[in-house]
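Structures follow.
Both complexes below contain chain A, partnered by chain B and then by chain C.
Let's look at the complex of A and B:
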């Protein structure tokens, strides 16, 4: 299908959308065409990389160095405008298209079965793409993205990086996604209409399914596979923990990586990472902070100096990832704790919601330094994450009050500060966090109590959200009907048999920025209006890092 | 008499142990209990009304003390007191019309009581007028003034009243009690059918394809939604489960059984979804005189979210939930903390609760009610129609007499001393106002 696309947009390609890789062309299939494979879509941050990787001429270019390629770019840019008129009459293009379609159909015949078996990789269809592309148009494959440098304007980067999220109500794409998926999720029944665009899988089936596949994981690295399993099982939760686990798995994969013959490390590794990412996303939708980390890894791979040997490159990447984990997560947390500590006074009553590891660190730190304060832990169904927090805090000798989210308005009278964690902070100041955070922030706002959001800067994202519906994650609906430890609450036990009854287990919500007094981050304490500034500065920093 | 006492004691126990759930059930039981108290109360020949009022008050005081948070008990006690007063007044006016002459001669006999009698006559006349006239500021003021006088008249002017009424005592004594019991029966009937009258208004409020959010479970809400469904309106309902009691599950089950499209959500997802909701419809525990609502826990959050997104917040409340009191710090004072075991498994957390071990202490707060201030409520739908929160005080004046706001019996002497100047003050104040105008 890539072949088709190439021929459909010959003009564009040749005139050289060389420089700014046109991700929109690759991302949005025109309605007439069969949809894209999922792995490309999900790993959209670098969709073009996979495209570029099959062109041998490009590989040559890469090997010879950037300067040369840039010259080449100019040449092509100039030269390509001439043959354009002559070459691309409508009839010709149509003929070409037909030919390619035929070729593809033929190739599909014998490779189709293989493709299904070898899910998760782009390999099977590569052969055809190669030949067709080389045949009709040798110069067109060169729009390479991996060599993109920081000297490109950031704005264009941003457009490219802003991933087009998978909309799960799109039937065509879902069909394709299902073919490629490692996890093979089963769609749940009784979906809530408002959330058809989000994946809702049957829980409890995937895990054994996936575990059974241990020996046919194909291109997946074992530690990647393991981390995915743990995401699926819910062993790893919390933005930082998930992010670190993912980065460590990447490190392992990079360490064990060796470049296949006739491939370039930069490109092959990036596509590997992309397939890992799509696998992770199948296990559990990625958080925005993970998206940022993935982008970091990819930009590090793309920016590898070309004269590095494979060993050097791998070492550099591993140390980069180490540095990211240390600086952006672990040290950032420590800085946040220092900052937030200045806001804790003797006699305070601090309210927190659910379980946020940064908030927990702040509370423990303040307690260690002898501040006298009380903690109110507000918790909610179905995860009851606050219980673990309460247990740990009480064990450390803090005096805690535990209540349910409905009791927030009752307890808010005595509270002096509200400390909340976040999954991501978006550039319009919206705080995307565990569902219920917005409720707590709203009640606090109504009682005129300052709300401090504690969040590492790597979780800042340039997206904007206005509500919690467009982008969210759906949890297991069975968790709603069951109440742990309450056998008397059982009237929804056979909910799936009722057509009119739906259970909705939202995982996240978006807190509007006016409920937030301050965002405590590793760059200091900011008002929510300053988030876009941090996003800008921070992006530049980590692209150059 | 003894069997009434056992009934009362049983009910007291149930209230104290919080065995009775829901304000409707409580209201109904209270009304039935008071009915039997009245029917068993031996009525003296004189001052039947006072005797009944005192009997009801004595029981009512205990009932309210047994569960001060269950405001429906107090409401019903006050309603019954109001019924007794009204029945007495209507009988008295009937008597006045027939026996004007005897009352006048009575006044001349007893010179020292002259003022009282004149006052009470005026009061009776005012009451008679108020039944004929539509309510106005003047009738309101006269009402309060009149009711303030009643105990005073009854406590001091026993002899003269007795003489004046002795003429038709045989018929009146039975009649008052009979009338009161009739009226209480009506009240019970009203309580048990109030949701029907509320549900009748559903079509006016629920439109096609709306999305409605509710929290917890309420019979009134269930009937209301079902009534709209019956009228061929198709709409969706989001039910927040109302942890830690999870009554939303019950409501969802009922709604589904009746064929409504229902989605159960966690309480924490209320804010996330409120932007797609067209209307919030909830039940209440009690409605205070200022239009504030004592509601199941979690509703303040819902109301705030609804206000943020300009979603109408509609409260359904039967008239037995109207409480004539103004709340003070209701989040704390009109609230009740339930067992922590609903939130935390005691077995799991028993080590944390042991504060002696040197570790920190753990408190578990599990409130039952929330207070929703009147500014967050868009509309009350009662069995008499829809009302603004600011109109609640007026609605309450229809159901309660101002004298019954404090059910606790005052010592008789104190009542005489305190009520006399107050009545006069009110009277002269009104006079002055009228002159001024």
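Let's look at the complex of A and C:
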């Protein structure tokens, strides 16, 4: 099991962009024994407690006074009989983990030796077999299991899209999450106060851990592992691509799945899928469309007729997943392209932001069918996704203009239509999309230009978002401190050492429905107010199929 | 709105008591003062010229008697099916249209119902193909009319959208189709009365209503209100170049409703005194906006900026699967405009006959499905079409 690094020193939580006080509070060593009831843990710290492992004090790159103090604390706690979950070095934790795994393997007999078994339902010592939904449940804070390695509350169905809603500043939930995490959760430096409830970016530190664990993660199917790594590295990006990759990985896992003895396929497979999902969530937070796809897969598993043999069940599931990908993504894109094409006229100037695969398809299709129009691509740091789009469009012969988002209001007066993609569309008509989309939509609205959102219906979600803060994803802060190709712009190179400086790299933002004219989906063109209608009418239908 | 002194009501109230007994019986049957005005009609839809010509009040009185007085017998098809002559949907349509109080789309729906009845098909597929062909023929008869297209499409969806079709043998399926078709025709036919009843609550004593364009539905609404002894007055816009305002004011005068004619430019000037705006619709689009006679958008904008409600009276068969993003996104419907003086050839004239009013400027839609907000239109269309 991963050692949990938890700092328990109390912290006065302040609103605003403040750094947590480094050494002001006294260190109250609170016991880390799992059976301890929640209330005791809370009362042991005065005031609010720091966010678990995302404690700047544990930053591996910095040797601050905190480290030393924590070393001291460790000594105090050494006396406790149970192994510590925090304040140990990596090597120690690894050793601890190995020891625990060996102990578990010994106790479990042959099952534990299947270190690389992809489908072993027995939780290896990591306890990866857990429903990721557990993170959501506050009552899980009460440690009801004495043997945390053998957690398996996943037998019950929990809320489905939990990883997205994980509150990373809630001490109790974080602790449980860390207990069950596949990968070492590492902390980020200098967290922005307002966004502490979101998972902090941890790629740079995470990757070596993951790579080292490839042979230790016995429960993960290789294709799942691969896809997770690719998420982490940023190779797969874009809602549809991520969703398809995830579903294909699930398909492989299902095909290679074998029901172990004494287990029911439905429950066991569901728990497997849940563990894969939590693994993905740790590599990169799930998008809402992925959440919908996962819900679909789980509902298909749950609705398998009981008289199906294992072979039939697996074949049915794989074909269901194939059908989902085909109908909801590939064919849906074709339908959207047809609908949106009716709104493109000769002489149009179409503006798009970033890189959306559906918008690219629309532009290419309209061009092929001979419409005369030109394209303005608006792009932004640090990802510069629009450059790939411009390259592909120009290669096909479209006339393009490329500009940065600072120039959006400058260029907007020439534009006749704005085409945008979406990561998700929520029930109040809010569009959740790449950061910068809402700026472009608002400028277009100010110029009274119609804004078309092109989005497949499987990305609709029954949640409601009012702002971009509650739910978002944090990207790599280093990406914004550097400018590619400009070595001389290096003022922020040491930003991590500045206590007063935080870098915030948001990945998504929410566009209110007032700025959206029409949402083009595979169900046709809808006004933003009709999103809950689609969710109501068709979510049930395809879940039950 | 109650604080606004409706002085015209005070004046009338005295006359009211004297005339009460007379008013009860007469209602809208103002036969005594039929001035057979024959306004010059420059119909912007040529297809409606015939209708517009004959909508005079004694004609309406006749229709009224037919509709309102007794539980109405289903108006029979004027054509008797003749087995020798091949059935032509256009003929049927035209014969239905001769009853001018009937909206075009309703006539089309009735014609399509007749297609089913007289069809010789033996399989469901064949029947559906026949229906499709008939519907296309009707739609091509006037491609600019949104309500006609929408009515045909909705009819097709409504009638064929029953799962029972798969399970029954052909004859019972056919009779079920006929049943649904009749029902749809019935609903459409009675739509105007339903809308009139629903909108009564929104017209209160002392209200001032601004009306634009000559909509038979709105006229029905106002007629019913007058019959219910509500005291209100109406401002009619002139409605150039069709002069719809002149015709409408004529009709309203016969109902003894105080009418004031405005030129189109005087709308903002009088908007202060107005309590609500009532318009009809040529078509209701998926966003919840409406397509109506040119000038509606302007009036809606003025009303919205002055916080006056804009009510639209539209039958449900006018819900179309269109989604205009701006004014130019509509299929063009041009009409000749006569300025009265010759215009140099270099000068261009904007001849479009209708405009699109976005849903944010509309308050409520009165339809036979009930009183709806604009966002419900998409809901209804989704439920019917998908």
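Everything below uses one rule, namely that the second predicted complex is superposed on the first by the 380 of 545 C-alpha atoms of A that agree within 3 Å, B and C clash if a C-alpha of one lies under 4 Å from a C-alpha of the other, contacts with A are read in each partner's own complex, and residues count from 1 in each chain.
In the analysis below, contacts are C-beta pairs under 8 Å (C-beta built on N, C-alpha and C of every residue); 3 or more make two chains touch, one makes a residue touch a chain.
None of the values given here were measured: they were computed from a predicted structure.
In the superposition on chain A, A:357 makes contact with neither chain B nor chain C.
In the overlay built on the shared chain, the residue A:446 is in contact with chain B alone; chain C does not reach it.
Of the two partner chains placed by the overlay, neither chain B nor chain C lies in contact with A:496. When both complexes are overlaid on chain A, the residue A:331 reaches neither chain B nor chain C. Touch criterion not met for A:388: it reaches neither chain B nor chain C. Once chain A of one complex is fitted onto chain A of the other, the partner contacts of A:233 are absent, as it touches neither chain B nor chain C. Using the contact criterion defined above for the overlaid structures, shared-chain residue A:529 touches chain C, although it does not reach chain B. Using the contact criterion defined above for the overlaid structures, shared-chain residue A:241 touches neither chain B nor chain C, since it reaches no partner.
In the three-chain superposition model, chain A touches chain B and chain C at no common residue. Contacts from chain A toward chain C in the complex involve residues 343, 417, 450, 452, 517-518, 523-527, 529-530, 533-534, 537-538. Note for the complex: chain A touches chain B at residues 192, 194, 379-382, 387, 390-391, 393-411, 413, 435-436, 438-439, 442-443, 446, 467-469, 472, 480-481, 483, 485-486, 489, 491-492, 495, 498, 500-506, 508-510, 512.
For chain B in complex with chain A, the touching residues are 241-244, 246, 249-250, 252-253, 255-256, 259-273, 275-276, 297-298, 300-301, 304-305, 308, 331-332, 335, 342-345, 348-349, 352, 358-367, 370-371.
Interface residues of chain C facing chain A in the complex, by the touch rule stated above, are 286-288, 321, 323, 325-326, 329, 359, 375, 378-379, 382-383, 385-386.
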